[in-house]
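Read from first to last, the chains carry the letters A, B, C, D, E and F; within each, the first residue is number 1.
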């Protein structure tokens, strides 16, 4: 538990104090959502139709952008050895790093999502549902991403390998997440989609932490 | 000139030799473009309308994903010192690195763009114009990106700087690039857009290399 | 008591060493020597449980360390080629993180910093420290709280004479309290009563 | 002839040293000594033109090096704390890159590798080399082609005794041909006839 | 430990050598029978005409694509949990086969879609999840080739295979969960097949042929991999003795 | 003759049916041949190695 809190605290401090990743994520997200209408032309009705997809893909890619350094930085400066051989359960360490990653990428996205809805012309129901699905879905992105990051740590050109490994696994989250917003805008029942998102999160919690921990122990070898 | 060829050759070898990293760029691009229709639903006509924007934003992100390590890796292993203090003009070194970056990210994107057009249902005229605009536009992305990467190398607020500096500079490229494809699909004149893209490229060639070189010399201080 | 018996390891398709036997008893110090590439760092990583042997085993009081990696982790301190520092955090924040991580009261941090003469630098970001200062900050972890086994990979690199002496004193105290040390070095560090174990390159 | 006069530098809000004067003549070797943080690495980076002094200037044959950075770059070799290696490339590819970069015929690479006893490792990826082997590979650049001024920051780190001797020989040959060396070290490396320049920490 | 590690693969090799000629022969026979029946004798569908013949390759390929990944996942599980020395060999050998079948299903499906649905490709759940399955195969193969040391690569790939296994049920049930253009299951379902016997038989024979092919080529690949590992061990042994 | 032409025409769907079977067999045969060749070359290398083992040939250990 000590170890969990220590790692969580350090990673958050690194993400926030440095001004680094949180600013990047939010900035990137807002700019990408702004660029989209610019690039596709301004028809508002059409925009709102594809808006959930655009925002969700933005969330995916923003997560990916920050994933590759999740363990790589620790490997390079030698911390990873100490984190793994320091007597703390490695899945606990991974869980702390996932939580820190989510708090510094996923959560900020959830918080700015109303602004993005506004930019892209989503209606009220859609905006609320977007927030809900992001809240349920982004932790899954961090957890699954951790497995990809762990598998590729120390591998050459890890960044893009992560993308190839992880993106297919993100697909269910994307489908349910963006789908639920579409349903909400049509006034249809979103219960099953949300339930599925929740289920995916529950599954990925053990799978992600144990998988990433196992992958990291490999990398140290 | 020696230095230019040497750096170009080394960076290309690093990008191509190991585990097909270029294949991974392409894979990433294809997967990202695949996710979009997945998230937005399958109506074909609507897809083709936003397709140029989606592909262009995909190109932006693929560039961005590989940008942050452009100089950072050299800084961390100490090569940057030698590249800058080795007696070669630093703008030449930067130009070589930009060219290598484009050959290993931009060019592959240009090459797979017809496949993406097919996936997203672009028509013939759109497909051809997409290839043309990517060919003219992606070198600009590498050059402008180099300034961002140079400015942020070793700097603490790296994340924010990249987001805030580079993405806004990408806006003109994105607008003209995606815009020209839209015009082509409507059968309108794309000459001015292409001319503008070319002009932006010509401007960013000196601005990018000199700017990045100056930024790097700062970082070495 | 740490023991390796019949230890052999293959890395990158080549055997680094084979059939290595080594025992480290209470209060003992073993200095690993040998030319570059002989396998000193490899052996230390095996002892830390960071590498798995291809053959043979490493035991602690008779039980294989692989059986309970976490318990083994809690009894050792490993200091490798990297200093395990985050350049954006201050010296104190860096050390405090490791103290929290292992459950040592954070109060011990200032003492450890002082011990390596880093008191005046405690609030500087670790990134601007000189090479030797970074090394000292990495080593200051040793002074946080006692642990039975120290595994040090070239700890004296970049250290000035005064710091080497401090490290020597720290090791002395550690051994006097029954601690064990295995360290790799090419020179420096004069450890009284240390046993030298020389590794020969396999090829 | 390399000369520093009235050199002072402020890094991270604190002066590292002030009013430093040092001249290095043909065939001369200067060993920088001083405790951690005294400014040895800083001085070497100033000499390499990688840092600009806050006050004073560095000159070569009387002309400030800042006036023509590229010409200065072509007459020096700098070896810092990093080894400037790409782990994915083989040892030979790494060295061949630097040879091409500076315009030395690639034929010189194998000789340089052999000189540091890396001939047998030439086709291994640099990433799997041991710490000392990496260091040797970084230093092998010195043997590529003659350049007037060598700036070496703790070159002996991680080197075994045999390699230190090789490096000593290389420096000797370099000086015999009129080359200059400025190097920082905490020990090792016995350079006959070298001048020791001791830096005191400013604070 | 060394003994059990060797014993098992050796016994496996002997068994494989005994089985392989029969398997190869059966594969060729089944393929021939399935082809002749499927292309020559099965009646055209009253709705789909002769395009229905594409089914005889499309459907078995789709099944095997899903089977291949499930097989990999199970083998990976066995490799991770029981450290069975053959399991990761099997998983590695299966990946290119599964990827190949996946590609076949995608291409033949596409070729079927143009006359039937009037389009080569739609972004419906079944088609998309099949594409995702293909990407998973590609990622798995890429991971194997990105890590040099076989032990490390094997375990990393096993972890990936297990994590990726969630996609298989999604491919299988996507048609039931989302309304799509694509056919729902009509052969493998709870209440028995709903296809006419004149189509069902050649389909079954083709499926058998694909399955036999899978096993045969899998055994070849596993043997090659095992021999490769023995070569590695031998060269290492030589290296050790020379030292 | 007519039968054959009719067979080849596939009820007007030749352009879809034949490519489908064609790609299938391309992939199937390709994978089989590649796997078989790999097996044979591995067996040959092993035979060579086991044959030359007692001879203690100096072999380049770093061969890519």
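Following the convention adopted for this analysis, contacts are C-beta pairs under 8 Å (C-beta built on N, C-alpha and C of every residue); 3 or more make two chains touch, one makes a residue touch a chain.
These numbers come from a predicted model, not from an experiment.
Trainee: Which pair, B-D or B-E, has more C-beta contacts?
Mentor: Answer to which pair has more contacts is B-D.
Trainee: When subunit A touches subunit B, do the two copies use mostly the same residue numbers, with over half shared, or different ones?
Mentor: same
Trainee: Could you state the distance in Å from the CA-based centre of subunit B to that of subunit F?
Mentor: Centre-to-centre distance between subunit B and subunit F: 39 Å.
Trainee: Could you grab the centroid distance between subunit A and subunit C? Build each centroid from C-alpha atoms only and quote it in angstrom.
Mentor: 36
Trainee: Roughly how far is subunit A from subunit B, going centre to centre by Cα mean, in whole Å?
Mentor: Between these chains, centre-to-centre, one finds 24 Å.
Trainee: With chain centres defined as C-alpha means, what is the inter-centre distance between subunit B and subunit C in Å?
Mentor: About 44 Å, centre to centre.
Trainee: Where in subunit F do residues touch two or more of the other chains?
Mentor: Answer for subunit F, listing residues that touch two or more other chains: 61.
Trainee: Which residue numbers or ranges of subunit B touch two or more of the other chains?
Mentor: Those would be 18-19, 24, 27, 31, 38, 41, 76, 156.
Trainee: Which residue numbers or ranges of subunit E touch two or more of the other chains?
Mentor: 128, 135, 138, 142, 146, 235, 239, 242
Trainee: Given the complex with subunit A, which residues does subunit B contribute to the contact?
Mentor: 15, 18-19, 21, 24-25, 27-28, 31-32, 35-36, 38-41, 46, 49-50, 52-53, 56-57, 60-61, 64-66, 69, 76, 156-160, 162-164, 167-168, 170-171, 174-175, 177-179, 182
Trainee: Mind listing the subunit E positions that touch subunit A in their complex?
Mentor: 80, 125, 128-129, 132-133, 135-136, 138-139, 142-143, 146-147, 151-152, 155-156, 159-160, 162-164, 166-167, 170
Trainee: Can you list the subunit A residues touching subunit E in their complex?
Mentor: Residues 144, 147, 151-152, 155-157, 161, 164-165, 167-169, 171-172, 175, 203, 207, 211, 214-215, 218-219, 221.
Trainee: Please give the residue numbers of subunit B that touch subunit D in the complex, ascending.
Mentor: Result: residues 2-3, 5-7, 9-10, 13-14, 17-18, 76-79, 81-89, 220-221 of subunit B touch subunit D.
Trainee: Under the stated contact criterion, what part of subunit B meets subunit E in this complex?
Mentor: Where subunit B meets subunit E, its residues are 18-20, 23-24, 27, 31, 34, 37-38, 41-42, 44, 47, 118-119.
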